[in-house]
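Chain IDs A, B and C follow the sequence of writing; residue 1 opens each chain.
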Amino acid sequence: MTETPLLEVHNLTKTFFGRHHRKLLAVDNVSFAIHRGESFGLVGESGCGKSTVARLIMGLEQPDSGEIILNGQHIHTMSERALRPLRMHYQMVFQDAASSLNPRRRIAEILADPIRQHHLLPEAQIPDRVAEILETVGLQPDMASRYPHEFSGGQKQRICIARALGLQPDLLVLDEPVSALDVSIQAQILNLLRDLQQRLHLTYLFIGHGLGAVRYISDRMAVMYLGRILETGPSETLFTHCLHPYTLALLDASPSARYADRNRNRVILRGEIESLPASGCPLLHRCPAAADACAHQLPVLHEITPGHSASCTRAELLRR
Amino acid sequence: MQTSALQAFLGRFRRHRMAVICLYLLVCMVAACLLGPFLSPYSPTTKSGGFSAPPDAQHILGTDKIGRDLFTRLLHATRISLAVGLLATLISTFIGIFLGLVSGYFGGLADRLLMSLTDMVMSFPYILLILVAAAIFEPGFTSMVLILGFVNWPGVARLVRGNVLSLRNTNFIQNDRTAGMKPAYILFREILPNTMAPVLVYATSVFALSILDEAALSYLGMGVQPPSPSLGNLLSGAESLSVLTGKPWMWIPAGSVIILLVVCINFIGDAMRDAMDPRNLA
Amino acid sequence: MLKYFLRKLLLALPVLLGITIIDFLIMNCAGSPLDMMTGPRMTAATKASLAARLGLDRPLWQQYLSWLHEILHGNFGYAYKSNQPVLELIMSHLSPTLLLMGVSLIVGLALAVPLGVYSAVHRYEKQDYALVSLSFLTSSIPGFFLSMLLIYFFTVRLGWLPSGGMVTAGTGGGFLDRLRHLIMPVLVLSIPIAASNMRYIRSSVLEILETDYMRTATVKGIGHRLVIWRHGMRNALLPIVTVIGMQIPGLFGGAVIVEKIFNWPGLGLLTMDAVMTRNYPLIMGICLLSAVVVLLCNLLTDLIYGLVDPTIRY
């Protein structure tokens, strides 16, 4: 791996301020890199900050500190205006497809406007291009004259993907693109995404809370909890030889856990997701393997086997 | 607008029988005052009969104290009052939309300054504002339109700002931003069409208010100036007790027309509001 | 709580300052005060010396600052012609207007609350349609036309009520006399208040009736009337407080016209006279005073809101 990654995120941090100046550390010192043609998954419970990571990368929020480097360019320091022409290189698909489409405009307009904005094609070729991308995502070209409300949830998500693809991006940030869909439709969209990645040589940042979907799409993945990455590594390794107790608990909580040994006692986290402990490991109060040392020492993400890191002081001990 | 949504809107609007009747009435009144010169053989500003004559076959609403045909004057007055109301509404709606869009989309300092300006104009007794303005500027049709237009925008601005703030966080606007669309595109092609419906409803009440204010100011002698007639200054002659008691034809018709216009506009606006309410979609 | 209101008060100051600046600019747009004070026969030399004496030859911002300085010392200037101090003039006209506005507000709300609740409870029934239509009709009548109608019926036809003034001329004006003079102006002002607030109250009660806690209360077997009054009213009336606060400026505007028609010796009549005779120092004083009143009303609205709604903490 000597080539430079397509997307590098270094020490990204973002704090939100709630009512009464209460601090919420949404993203805490997050770093990862995604190589060209790779698919990187980000999993975690709701509220763990994974969507904030996506919004930071997309420039919808400004990070407090840290770097976001796309294709060698520091996009986090750029002004909105300077960033605008670069935005076509990385596109986003949101969870809720229905609200991602302006209800008052036809599909043709929704798909054509970004192409027009970036002057990617002469005006005369745009209708053909719209038809082409509709076909790419598995829709009929004649659907272009319809309005968003005439489509089903899965079809709307296909349209959202088509809109992103219209700009021929290198990177696609998929923020829980299938979570709001029926299970049968989920599989169709996941298949479409995998198929598109191979055909168009796309790079994915896939965010989800369902382990199955993330495993299906991703080559490598990271597990987030309370704004931090707890474990990262190749997807298969993470599923078969996970290092962090939290990952293990997530795997065991997954209903379709074919990988889990049914006879073994399941790892179950105590309590609810809560705010950070005063010191030590963020998982301190919930971890079944917590030891005295965990209360004092904040674990850092460190490589345990090549390409596989965890932020748990007891990771080596728990290794199996 | 989608045809299906428009049809649903019209269907729900039609259920308000009063509003439908009012719509027809309003159309009739507008048509009458536009066709005024052809309906009446008299001029609104020259003497055509006896002084203060009661209604008869020649002058169906009688004549005023200098012998002008009151029916003709009423038609012209309605036209002028409607024009003042419409133009003032257009001006305030445009100002309100523009300021609301800017304030809601860009936020920050611009938003705070614009909103305190809005509060200032809104919390000022606005008849006072109009009176002061009318005292300073030469009263007449143009200053009337401008004064009313520059007084009624804060409501529209607030409405638009609120809509922009909620639309700004929808995925399709965020999607526009990530697609690198320009702010002008986002504001005018995406946000504005989605906020027009409530603005239209609000504009009807501004229209009704403007007609009432024009009438009040012209009645006080600070609006449209004679000899050109307006619904308000037709009534200003009726202040004297002798007109009030003995010559009802000189004040009842103009007052009734004002009430009829404003009632119609209000009923239509209310039915529109009701028909657009998403809770009534079922 | 106190801290919150102090902050609000501090925030209101710039608004007030802004209003005085606008006032000042408008007055200067209207022309130099000199033209109002001096006759046509005055020579240019006397004019210049008068301007120098009054400080009118200085730049505008200096004039504004010295005006502000005078205001802070309680000097609102002198009205043209009569040369009476503006503040004194305003104060002597204030109480009739406050009486008129206060009574109208109370009468209007006393009509609006029961009618609004009644209409909401009987939603989509004949009574509801009748009341809502009536409220649209009454809020569409221009105040001055309603005044004319009232004078026509009660003074001219029936001879029951006097057509203007606050007391019968020549008499000291007992309580009943004042009351008789008050009836028509109050009716004209309170009917639109009742009409618009009735609709607000209706929709706000409707919203409350739809909530789950009202359904729960009904299911628990608490009588319908009791449910509405005990559980619903408090929450339904909360938004109305804001609406009323916003209506105060409009009420003052209405008072100007009503006072003019009924010859009610209040601030409105003074305003009309000031406007008609272009008495700028007086107009400025009235504008400033009404701005203060309006801002105080806004503050009061917030205060009442805080007292009525237990969920609001400052």
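Here is the rule we go by: a residue touches a chain if its C-beta (ideal position, glycine included) is under 8 Å from a C-beta of that chain, and two chains touch if they have at least 3 such contacts.
Only a predicted model underlies this, so the values are computations on that prediction, with no experimental measurement involved.
Relative to chain C, the most remote chain by averaged C-alpha coordinates is A.
For the criterion of most C-beta pairs in contact, the winning chain pair is B-C.
Taking the mean of all protein C-alpha atoms as the reference point, the chain centroid lying nearest to it belongs to B. Annotation: 57 Å between the Cα-based centres of chain A and chain C. Distance between chain centres (mean CA atoms), chain B to chain C: 23 Å.
We define each chain's centre as the mean of its Cα atoms; on that basis chain A and chain B are separated by 52 Å. Residue positions of chain C touching 2 or more other chains: there are none.
By the touch criterion given at the top, residues 18, 116-117, 119-120, 122-128, 131-136, 208, 212, 215-216, 219-220, 222, 232, 235, 238, 241, 244-245, 251, 255, 258-259, 262-263, 266-267, 270 of chain B touch chain C in their complex.
Interface residues of chain A facing chain B in the complex, by the touch rule stated above, are 58-60, 83-88, 91-92, 94, 96, 99-105, 113-114, 117-118, 147, 149, 160, 163-164, 167. The part of chain C that touches chain B in the complex is made up of residues 14-15, 18-19, 22, 26, 29-30, 133, 136-137, 139-145, 148-149, 151-152, 156, 163, 246, 249-250, 252-254, 256-257, 260, 271-272, 275-276, 278, 283, 286-287, 290-291, 294-295, 298.
Per the touch definition, chain B reaches chain A in the complex via residues 1-2, 170-172, 174-175, 177-182, 185, 189-190, 193-194.
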